[in-house]
Amino acid sequence: MRNTAVLLIDCPDRKGLVAAVSGLLYRHGANILHADQHRDQEAGLFFMRVEWDLEAFGLDAFRAEFAPLAGELCMRWRIEEMARRPRVALFVSQYLHCLVDLLHRRQIGELNCEIPLIVSNHPDAGALARFHGVEFRLVPVTAAARSEAEAEQVALLGEHGIELIVLARYMQILSPDFVRRYPRRIINVHHSFLPAFVGARPYHAAFQRGVKLIGATSHYVTEELDAGPIIEQDVVRISHRDQVEDLIVKGRDLERMVLSRAVMWHLEQRILCYEKKTVIFD
Amino acid sequence: MRNTAVLLIDCPDRKGLVAAVSGLLYRHGANILHADQHRDQEAGLFFMRVEWDLEAFGLDAFRAEFAPLAGELCMRWRIEEMARRPRVALFVSQYLHCLVDLLHRRQIGELNCEIPLIVSNHPDAGALARFHGVEFRLVPVTAAARSEAEAEQVALLGEHGIELIVLARYMQILSPDFVRRYPRRIINVHHSFLPAFVGARPYHAAFQRGVKLIGATSHYVTEELDAGPIIEQDVVRISHRDQVEDLIVKGRDLERMVLSRAVMWHLEQRILCYEKKTVIFD
Amino acid sequence: MRNTAVLLIDCPDRKGLVAAVSGLLYRHGANILHADQHRDQEAGLFFMRVEWDLEAFGLDAFRAEFAPLAGELCMRWRIEEMARRPRVALFVSQYLHCLVDLLHRRQIGELNCEIPLIVSNHPDAGALARFHGVEFRLVPVTAAARSEAEAEQVALLGEHGIELIVLARYMQILSPDFVRRYPRRIINVHHSFLPAFVGARPYHAAFQRGVKLIGATSHYVTEELDAGPIIEQDVVRISHRDQVEDLIVKGRDLERMVLSRAVMWHLEQRILCYEKKTVIFD
Amino acid sequence: MRNTAVLLIDCPDRKGLVAAVSGLLYRHGANILHADQHRDQEAGLFFMRVEWDLEAFGLDAFRAEFAPLAGELCMRWRIEEMARRPRVALFVSQYLHCLVDLLHRRQIGELNCEIPLIVSNHPDAGALARFHGVEFRLVPVTAAARSEAEAEQVALLGEHGIELIVLARYMQILSPDFVRRYPRRIINVHHSFLPAFVGARPYHAAFQRGVKLIGATSHYVTEELDAGPIIEQDVVRISHRDQVEDLIVKGRDLERMVLSRAVMWHLEQRILCYEKKTVIFD
């Protein structure tokens, strides 16, 4: 268990920001493990992530002194204690490869979170959920009763104290109302190299277009379909020999990787969003 | 100098095509060096490329016997003698990195062609053309006099017996009339991972969208902008640290590679087009 | 279920090989789905893979006529019926990520095989084996009793009619005796980009050397450690920020992919070995 | 022209390093453009790179105050003014692709340096040197007269005030004496994925071994052959269809890219070496 704190900051850029933050941490005796900054010079913005050891560190005292400083410097900020494992719900439909992958990564400690809930509009994932000791809830979704289904999902998410929703090839579109409840807290994987091939059946579209690489994209879900801030993308080479079914097989590996990296980075508090973009601290 | 012939075939798929072609080649004593076939089962099409040694091989006799067979089997076909070096014109504007690259590859024999002509709407490439002993023709292009410019270009291409036009970051859009004169004989490089970011300033668009990989695409030019059959694509990873200028620098390496591979494969008679796609025999 | 046959050939190169094989297939009415050839000109060798539809095809009659032809042409050859699913045993130690991955790929039909047996020197994989309905056999291996353990393994493999052994991060070295029983029938994944970092703890060695990419390699096991014919390799970028633990995490994705591709290609009869190398028909 | 300064630090890790450096820069009014740190926790080392605007910044005053602080904190450090363009010599033999590439990158401003001198043991690069207005010196190297050749080279380097030597496919091995004169100031490109295939003819070795990817590596030259700190590596996929000549062609693109990136990062003061490794600040 990592007993550390992460401080994430974004604010208008100005002189002295690093000095102010690192100086305060030093006066409180912080043993800094990682620190990274970024400036978007065009946008005039500053971003920072610092992680330090909490062993013998008075977090409350630091927070009390940091808050007014942050206010002065117009910072948006948060401090996360890494020993606390966020509660994550996985949404899935009939394709289970991302689900299998995420559950295994959690099991071996690669993903530092709790997964108390799996929600699906298909029954297929039930056995796997039981194997991993995770509650499985079947919530069928029909065009006629979409809002009832979402009401049930929202209730489940509330009961389980869910902080992050991962759409692990969940094939239903969430309503704007639903999305607004979880800003920057829903991660989706889209099976194309966005912004190419937005929408349904991207592998078929890629095949038709004759591209030489196919991709997958993980992103935060916003109200606009497939247009949220991109977290990770990857591609694999294909050739004329690959039929649509081959694209689907090759794409599954991409989907697993870009989704799991996005979830890992979110859980490690490495992501800051601004405009439609992400800063990924590595 | 490679003294070989390449036979390229595409036709409706049916039984016995490989047997017919390879049987005839065998009876003529061909020493086959490479042979590759492809079937697009959905489209019901067959594609084949065979390369064989011309040493002591009677090409005319083979051709005389092959032509009626090909007619029977509804083949589109051509035979290319690889000892003959196609005549290529390079079109360029003010960015010269692809031009430098292609001229060097020709010089060291990586590209098996003649380059008798460089056409540009900017004077910058003149010195480089002279260094390589290639005729340089400045053809300014203005909105008002586009068709006059194209008429001049067409005349130059005719005079020099040009068989392939390579747009090596040529920043002018060719008219449909011009494009129709050179079907599957104009190769362009577009500095994005098509079909994402069609049109002008793709690096700026990629930066705005916050993608995590940028790409480049080489393709045959058709009358529809950036929509011709894709020959090659590649990508490189970027991060939030990369500004537009960094994308431009990183992209130049992609552009060089995807364009030069496309030209090489075209010259080696490795490309067959169908619908909006390419078969690249490797 | 794919009702096709695959013919694999390797032999000294000479004129007329494709004509002979494709001609015979044509006379037997074969509907060829894929055909690929390769010549290693330096070694003077010819390799061929043909796959055709068995619907209304007399395989025995073809075989009867093909065998003498093959003898004449000094071919090593085999015909595999793809409807028959090979029987595969998975060997594993305490790291289960490749096992989870292979079992899921089998479950969704990506791997066309039976997996009747999992052998391990650790008990950890037992629950997963039960979940997938696969027999799990714990065979502890100690330095003192290695040959007894191998005798037990060989007996198990015989009982289950195993045709392919996949070492899915099995951390014991197999004896030459064991290896000789399964020539080209044991696939291993080594967690480095071979031939760099042969032997134990390759991620630690890569970290010490300061490489900028790490790799993984799947290969057939031969009597010489990590020196068998390479089937597949892949790499991922690392940086100075990555500690050994990060290499291990990133490497797991590589291991899964290169091992599963090797197993898939083996099952699809796409691999021919010669010298220390492989031909992978795609 | 970028009017900035870069401060590079490495030292034993301890609390307060960032606070000390950023605090001092802030008190001097520095407008920081980039800052990055790294800790190697195992080795207990701290690394930092800061770049700031020199407009209206008193560099001498800063330096006077920084030096004693650095002494206290046991820092090795240097400050580089980016407006000053380092003087680089290119060493080359008969393969010119890296030379063509580096000269073009310098010409378009991608490499921020002067290139006053090209040294070769072959005459081939003379015309290209003249085209770029660079002095070309032919220094033949024979086994018998290696030390005389090196003495001549050292004299040339001295006359031209050379600070960095780039071995752009220079096929002679430099003596330990020579290497010791330019510690961390000689960059080489080796045409393999080191540590695989050290020494001569790596493409032939890769072909013999049957690897599925080939690589190239740029590194600082040390007295031990091909064992210096690695700066950059990249790979490209090959298949059984690729003969040695194809590996050489594909490898040239890798060589160009990994060498030019290494030179660019060195010139941008992004590289710190420790043990046999590099930290590359991005």
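Think of it as A, B, C and D in the order they're written, each chain with its own count starting at 1.
Simple rule for what comes next: a residue touches a chain if its C-beta (ideal position, glycine included) is under 8 Å from a C-beta of that chain, and two chains touch if they have at least 3 such contacts.
Note that the structure is predicted; figures quoted are calculated from it, not measured.
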item: Which of C-D and A-C has more C-beta contact pairs; value: C-D
item: Self-contact between copies subunit B and subunit C, residue sets same or different by half; value: same
item: Chain whose Cα centroid lies at the greatest distance from that of subunit B; value: A
item: Centroid distance [mean C-alpha coordinates] between subunit C and subunit A, Å; value: 35
item: Separation of subunit C from subunit D, taking each centre as the mean of its C-alpha atoms, in whole Å; value: 41
item: Multi-partner residues of subunit A (each touching 2 or more other chains); value: 41, 239, 241, 282
item: Residues of subunit C touching subunit D in the complex; value: 38, 40-42, 193-197, 208-213, 215, 229-235, 239-241, 243, 275-280, 282
item: Subunit B contact footprint on subunit D (complex, rising order); value: 96-97, 100-101, 104, 108, 110, 127, 131, 239, 241, 249, 252-253, 257, 282
item: Residues of subunit D touching subunit A in the complex; value: 15-16, 18-20, 22-23, 25-26, 29-37, 39, 41, 237
